[in-house]
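Chain lettering (A, B, C and D) follows the sequence in which the chains are written, and residue indices restart at 1 in each chain.
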């Protein structure tokens, strides 16, 4: 009998992302929800999980959720701290990291990502931060998990700018580009989970969070979202997961 | 009135090499006599001299003469210790070091050096240690000072193997190869000092140590050694220099 | 031969109008005090180079001193947009700026090539992206395997400015914690200025300490708290509240300008 | 996922006949104990890779286990020749060995390219030398400036073996002092074995400390004194006398063989 209040959709999203790290050795994370999910995974599922931030901290064990990827606690608790050139050349590019968590402002049906501009590059309607480490991270890490809020603004039929290649234009695209990793294996949103169809590489809805209807997800998606033959329902956050997450956020 | 016994020719050679570092900021040194000379220079002429060893130690302040270029004392007293790739890529190749002291088994009239083989490469009469860092050091450092014992075995008309380019085949050779530094500016031997003729780049005898006749040097050289218009005589080691050197060697 | 100078002297001697200037520090050790001094001394027409523009470059861009920006990620980390950076690109306010945009891996390799005084670096990257059409790149083929890789041109700023925890009286600098690309920025640049929290008699070797010898640095200036609202590990703490506060104050052109006038040009430290 | 093993197990599991093996350590931290274990386990037909062959490779070469040597400087540092190395090259005793000879800068860049999993590295070097005709090189042109530089192929050994001061029980390794190319050797290799002076509960961060995380290492074996007559800074001292002694004992084939039989194959530590 739960004494914990019902989880928010953001909490569910974070818990689902954390579960994805159960059997993973190393995870590369940016700031925000991915970082929270990875710390939660260390607390609940996988205490040996190695957190790698692009600031150069390898094996960071933050007690608090860092605001930036370079907070002091990350360096102080890391197994090793390396320079940015070393991080990219010796650690990311050779494919040493199992899973990368990435966010994006736009995601297309092949899980390609835009974090550069909305509108035209030369005369953008909205200038976004830019690539950061994402293009090479997505090309090199074992797999990519995208974490994004579900709306038509984010899940678009056509990206305004292709910052980071997911599955390109479909089957064989990554191989043709000489990429190392498997690319995006899941897009975790506040409504459910999209995963690439093994044949077409196109994202399809495989899981909805509790209380979410598949049609609701399709309406929040800017293209005709395919559905998996069977759509699972996310097992709701356990009391342990939720308590740990809330305790973490409150630190 | 000196109470110190007369210097040996090896001691004179070391003292002359040390003097060369009077107004120098940074010196790159291999083991053996160059190392002794550089430590002596720090003791007597230039306490601020920065010693750089290819083992990665920058600003080492050894109290003892190290046997190897990687003795513990070098790391313990250095301002910074870097990896070997960093040493070559960030420090040597960009030409950050003023003077490099190099030795060699063979030296030719253009101060090109052989430290690879005597005889044929595939079937050598004597296999020498090989290049080590010398080719890139000689190409990149501000200038090169060669320290070698004077004999026909060492000063040869033709190298058996060109390990390290000094002045190549004469004027313009270094520029053509795109080299950064000025190349060899002196060859300090136990008999005297050879310096390249500014016009032809060919080594000529510019200085003899006290008690040495120019003809004696020519006889110990495997080619028709040119003489400078005026040949200086090495000012003998001062009591201070000699005392410091002997004290250093006895540590 | 690092000279120990005041911050004002260091900036006056080393940075000229029109220079390309890299103020580096990856989240950690961002040289805010030196950047503010650039503003107070009225430097203009700068090419600003930095992997992660952050608040400092938002301020410099908003004050109109940048003609060009070389970068790979222009956000307020963990908070959101850099509003002055956006306003300059979206609306040309207070002026339009030219962009030279890369990925982090590209920028890091460009600095590393500069530090090695090589004309370019080779990497795997950019492939398949729209960024490849905007960044200055060239394909390059491995002579042994035939694989096609990407060449990026070296960065060679006129001036590097970085912040570190401490220097000794000779100007040897030690920093620890996240090292970013500071060493590369100094080695890649024609001239360099390092601001430090403190000048000490002798550097005490630290775990994670990186020492940059005095003879590759032009000037060292003491600037306690000089990386705030970023931080200097072990000495100051990151002012996360200021990063959130900046999101508000920087949204509005007038509020921004007033804040800069009062807190930076009025020579009061940013805080 | 480093497994904590005995030295015998580590060598047995990771090194196979015919492998390319890099036992690295630049003067400091040379893995003598592991090299001797290779001999005791009778490994043969190895490609031995090492910037500075030193006494350990003199011993391995003299015992005939090397079919090929990849190197840049084969001397007894500060003492003179490596007599077994010379005898193998000059007289083919006990067998002829193939050479892949480079400069230090070349070898360092080859390891760095291997660690980055790039097929080659670009450098300035070898130009005008006879070495250029023997080393495996290729010209490469900068696509931006037109300058011709040199490409060297990446080193990708089957196995790297290095020595370090300490590891924790998970197999995270820390070394300090001269770092050489140890990190690069591990990252460039398919498999890796690290011998350490001691296994500790927790690594205490040290000035100059380099930590190599357990998940890029295959096996860690405790081998106290395992770098002697080289040294492990802060724990053992370089046995300079042994380096001089080796100059004598290694001059003569029989004296060498007898010494190896007694001190290495007889399983007594090398001093």
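Note that a contact is a pair of C-beta atoms (placed from the backbone, for glycine too) under 8 Å apart; a residue touches a chain by one contact, two chains touch by 3 or more.
Note that the coordinates shown come from a computational prediction; the quantities given were computed from them, not determined experimentally.
Enquirer: What are the mutual neighbours of chain B and chain D in this structure?
Expert: Looking at chain D and chain B together, the chains touching each of them are C.
Enquirer: Which pair wins on C-beta contacts, A-C or B-C?
Expert: A-C
Enquirer: Approximately how many whole Å separate the CA-defined centres of chain A and chain C?
Expert: 28
Enquirer: Which whole number of Å gives the spacing of the CA centres of chain A and chain D?
Expert: 41
Enquirer: What residues in chain A touch two or more of the other chains?
Expert: 89, 93
Enquirer: Where does chain C touch two or more other chains at once, residue-wise?
Expert: 118, 123-124, 147, 183-184, 208
Enquirer: Once you draw an edge for every pair of touching chains, what topology comes out, line, ring, star, complete or other?
Expert: It is other, because the touches fit no line, ring, star or complete pattern.
Enquirer: Could you please write down every pair of chains that are in touch?
Expert: A-C, A-D, B-C, B-D, C-D
Enquirer: Spell out the residues on chain B that touch chain C in their complex, using ranges where they run on.
Expert: 25-26, 50, 58-59, 79-80, 89-90, 93-96
Enquirer: Which bits of chain C are touching chain B when the two form their complex?
Expert: By the definition above, chain C touches chain B via 1, 115-118, 172, 183-184, 187, 203, 210-213, 215-216.
Enquirer: Show which residues of chain C lie in contact with chain D when the two form their complex.
Expert: Per the touch definition, chain C meets chain D at residues 118-124, 138-140, 142-145, 147, 149, 151, 153, 205-209.
Enquirer: Would you mind writing out the residues of chain D in touch with chain B in their complex?
Expert: Going by the criterion above, the answer is residues 26-28, 51-52, 71-75, 77-79, 81-82, 85-86, 89-90, 101-105, 108-109, 111-112, 123-131, 134, 147-148, 177-181, 183-184, 208, 231, 233, 237-238, 240, 243.
Enquirer: How about chain A: which of its residues touch chain C in the complex?
Expert: Against chain C, the touching part of chain A is residues 31-32, 54-57, 66-72, 74-76, 81-85, 87-89, 92-93, 116, 121, 124-136, 139-140, 161-165, 168, 173, 177-179.
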